[in-house]
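Shared between the two complexes below is subunit A, which pairs with subunit B and subunit C, respectively.
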Partner chain A sequence: MGVIVTALLPWLWPVYPAPGVFRSKEEARAYHCERALHDAPSHRTLTRVDTPPNRGEFRKSDLIVCTQPVVPPHLRDPADEVVLRTLQDRTQQLAAAAHALRPELQSHTWLVEAHDPNTAVVAKLRFATQNALMEHGLSVSDRTPVLGAGDIQVVTRMPPVAAHPAACARYAGTGSLQEDDVLLVIIRPDAQATELVGGVCEQGRWTWL
Partner chain B sequence: MRALLLLVLALMPAVATAADDVDAALTDELDRARARVASQVQLTAYDLVDELVYGLTQEPIFGTPTPVVLAGVSVPVGLGTGMQALLENHLSNALIRHPDTHIQLVHCPSCTAVVVHSGPEGTVLTRGVDDPALLAKLGESTGQHALFIDVEAEGAWLVLRARVTRLTPERPIVWSHTLATSASTPALLRDPTELKSAEDARAEYLAMLHDRGHVAIPLRFSVRSYAGVEYYGGSGVGAPPFLFIQSGAELTPDPRQAWLSSFILGYAVIPQAYQGLMGQARFGRLLTGSQHSLTHPDLYGFIGGAAMTVWGPAAASFRNRKLTADELLTDEDGDDPRTTFSTIQFGLDLRLGNRVGLSSFLETIPSLRSSRNIGNYMWLFGLEWQTFGTEVTFWF
Partner chain C sequence: MLITLTSGCVRAYQPLRGLHDPRIVDPTLPNFADLSIDVYCVPGDDLKPAQASILCQRVGTLFENQAAEVETYTVDPRVSGGDGGLGLEEDTTSRAPADLVVELRTEAVHKNPHPLSWGLCYITGTLVPAVRESTFTQRVVVRDSDGFLLAQSTFEGRIIFSFGIGTWGGNKLLDLTVREPSEELTGEGAKADLSKDLYEQLTQVVYNAKVRGQLLTTPFLPSGR
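Now for the complex of A and B:
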């Protein structure tokens, strides 16, 4: 009997706010939860988090901060909402990955370009990535490289996998991207997807992150 | 079959109209929801802007006052442009009121306008701030830097990002900053003309909630009832109740109000009966918790002392010996008796939100311990407690 109850407990009363018998998925989705880490406290979570227990200690506890989102569900496009909800974390990760990929480019000037079906989200992605790069101590420019009309006609007819390396080569070829410039491109490849991918363009060479 | 087809064709416009009505109603409902959310988020966004400007006053970007163009303010996706205008006005107001940020906002219509430029490389459609070379051709030299602000709702957090770009062909970003707060954080009450840190604002906010500073002025009405002689077994003339109106200063060393002291002056008058003056000092300690409660009544215990002088026909009772007929006659001749004495008191004080308090106390008059005119309510700590007092206090 005890074994059955023990097996059923996580299903009947799952950890808050996970959905279960007494909490629907809609209710669970109405909250945004974030684990407050002791070793890496987020500037958005509490600054005082108790020291974790010693290894081997029986009782372990987590501090999970759950709050309702600022913008209720269904007010924005669901895919946009997912991207915007994690904008800070994602752009920081992309900036950190780009910086770690090419540490020798520390002294170069970094430019940022973003591609998303929603132009408002493009501006958000670009702004957040620029700030994230600045936090790494990099020189960042607000400049945007441009292509000629002929180049755009060719590039936009290519699949994304080939279009971005081709555009990178043309940026270097036309001088729009100078020798000491590095372009970090953030791309949402599919309007229905929420995944972001990044690439670095430097001296006409394209590298996917 | 034909009749059914005709019926379907006849109903199609009605179905289409109904669908349009549903779409319109849904759109209206979404717009109302967006407006509601924007109004809720607005104060938090203002707080972030205040925090940003306060940070700039503490660590200015520029060493000297520098002209800056407010190039763009963007708000959370889906929350409309009304909030954008409000936020832009608030930011401009905060920057103008705080010249120690060294940011001088300048007007640059060409910077924010969309301009078209045709050259050998083609025709470029861009905003002025995105093409500083074009701005130079247009003769704009008022702004050397551009300030961009972006506010976005990211899950449960509202995040503000700011950057300053130098308007040269290379357009380097010279400064950037990111601030985040939870939308559930109550708005800080800050004076817009003098921004301060979040900690200071919170301390002021709590002080305001506690509704008083270190000094408060009470207005108190008290009634002192003196024990009749039957309590003492005597047969003298008892003292009437004394009504005092009192005011003075009440001091507390810290906002928690765990300890209180008060210094009060009072005056009593009943025409044809008595008049009186008194001075009183008390020390009180909160008994229900370690700090004053915002939501529940607070109970204080206090001890203190008072000095009184009373005169008038009714003051004749404040004598140790039993009144004689001669004394009563003499008093009636117009030579009113006057008595001055000191008291020691202790009691309880129940307060509601620092607005109104009810207290009661027992008081002993050492100089009247053997009075044949005033009895005592009880023996306690080896003293006779002859007076029972009740008070109602209002604070301002």
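Now for the complex of A and C:
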């Protein structure tokens, strides 16, 4: 009896969702959690935390918000996973930065171009960024600017740091990007980098975000 | 008494945010060749100067192993006059600014001692486990030599410490019989897991900063307009 009670005791204090008797380290790592803080709420925890009463609380509240990804771990390539896991946050940041950089372009039409080795990621990046731009009240077009075959031959031989500004100049030069068009380009600057970098092309002028 | 003496502790580490994100850079490769990096570990309420110094030395070694030239500081290198607060005799005031400055801040955002569990643990002779947990954040900011922000990230994790013959015995039994070595909870695995996560994420953040810095500083062709 004593042995059974002793063996059962570790089950008494489960600290969700920490690794323990019921949950392996691998399973615990699958959760993405965030501790809810009054002074620094995030969009994931904001709606779950009540405003503290003016005179304070007698009892200390404690809340950790956890989500479990729909896609099992290790199913996607890490380079894709790191972008897609935080796709909404990343694209909203880029859209906000682009909008803040050039607020005078509010009435222009925004086009979006994304570059990534994985075409599925490109499509998702582009769509999410278009949505993020629309949330800022900008008009967005599905149109994609195109370059001539000669331009492509030249641009694709350049490093990314020079290729995008050069392509921007050619878009304007060939009329592919019109006067009231703005192109937001999103690239992964290095195969091993997990951060995305954006650039804005407007009337042939290129600006990194 | 015998039960108390044979009790042990179980320390579980759980990454909450950022620490277990996928990383692509391999920290065993020379990722930062020809790069000078200043590592500034900011002491505070939750990180004593001695602890900050140890953290800096370890992070410095991490980047040195990846071919970077590293200096470590526990006071702001921009105002310390070069000795970095480490009391170095060497005059470094004439040293060129580092390519990257990595600033590390550690903060304990939450501590829960679970006092009821400690009372029950005492009354039952450690049969009922005593539990204590703390959540920490590790903030990383990387700037270039001009102070321009290149990358930043905040990692969050928590450590759950439980003590008692029940929790230790049950977990030890599972470690010996069922669990894989990487899944064991009663040894030093929590420290090793946390170090691995933190060092690999730091490498990724600094690598991102390096790439962004190169992108922004490399001159590109004029637009022609």
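One rule holds in what follows: the second predicted complex is superposed on the first by the 155 of 209 C-alpha atoms of A that agree within 3 Å, B and C clash if a C-alpha of one lies under 4 Å from a C-alpha of the other, contacts with A are read in each partner's own complex, and residues count from 1 in each chain.
Everything below uses one rule, namely that a contact is a pair of C-beta atoms (placed from the backbone, for glycine too) under 8 Å apart; a residue touches a chain by one contact, two chains touch by 3 or more.
All figures in this text were calculated on a predicted structure; none of them were measured in a lab.
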Inset, instruction - Using the touch definition from the top, say if A:100 reaches subunit B (first), subunit C (second), both or neither. - result: neither
Legend entry - Touching partner for A:131 - first (subunit B), second (subunit C), both, neither: first
Legend entry - Partner chain(s) touched by A:32 [first = subunit B, second = subunit C, both, neither]: both
Legend entry - First, second, both or neither for A:70, with subunit B first and subunit C second: first
Inset, instruction - Determine, under the contact definition given at the top, whether A:149 touches first (subunit B), second (subunit C), both, or neither. - result: first
Legend entry - Residues of subunit A touched, compared between subunit B and subunit C (which is higher): C
Inset, instruction - Figure out whether A:85 sits in contact with subunit B (first) or subunit C (second), or with both, or with neither. - result: both
Inset, instruction - Enumerate the residues of subunit A that count as touching subunit B in its complex and touching subunit C in the other. - result: 32, 34, 85
Legend entry - Residue ranges of subunit A in contact with subunit C within the complex: 5-10, 12-13, 15, 17-21, 24-26, 28-29, 32-35, 37, 62, 64, 78-79, 81-82, 85, 158-162, 164-166, 168-169, 172-173, 189-195, 197, 203-206, 208
Legend entry - subunit A partner contacts - residues on subunit B that touch it in the complex: 30, 33-34, 37, 41, 74, 76-79, 121-122, 124, 130, 148, 150, 152-159, 161, 163, 165, 170-173, 176-178, 180-184
Inset, instruction - Could you please specify the touching residues of subunit A with respect to subunit B in the complex? - result: 32, 34, 43-44, 67-72, 74-76, 80, 84-88, 109, 118, 120-121, 123-124, 127-128, 130-131, 134-135, 139-144, 146, 148-149
Legend entry - Of all residues in subunit C, those that touch subunit A in their complex: 12-17, 20-25, 31, 109-110, 112, 114, 117, 127-129, 131, 133, 135, 151, 156, 158, 160, 162, 164-167, 169-171, 173-174, 179, 182-183, 185, 189, 193, 204, 207-208, 211-212, 214-216, 218, 220-221, 223-225
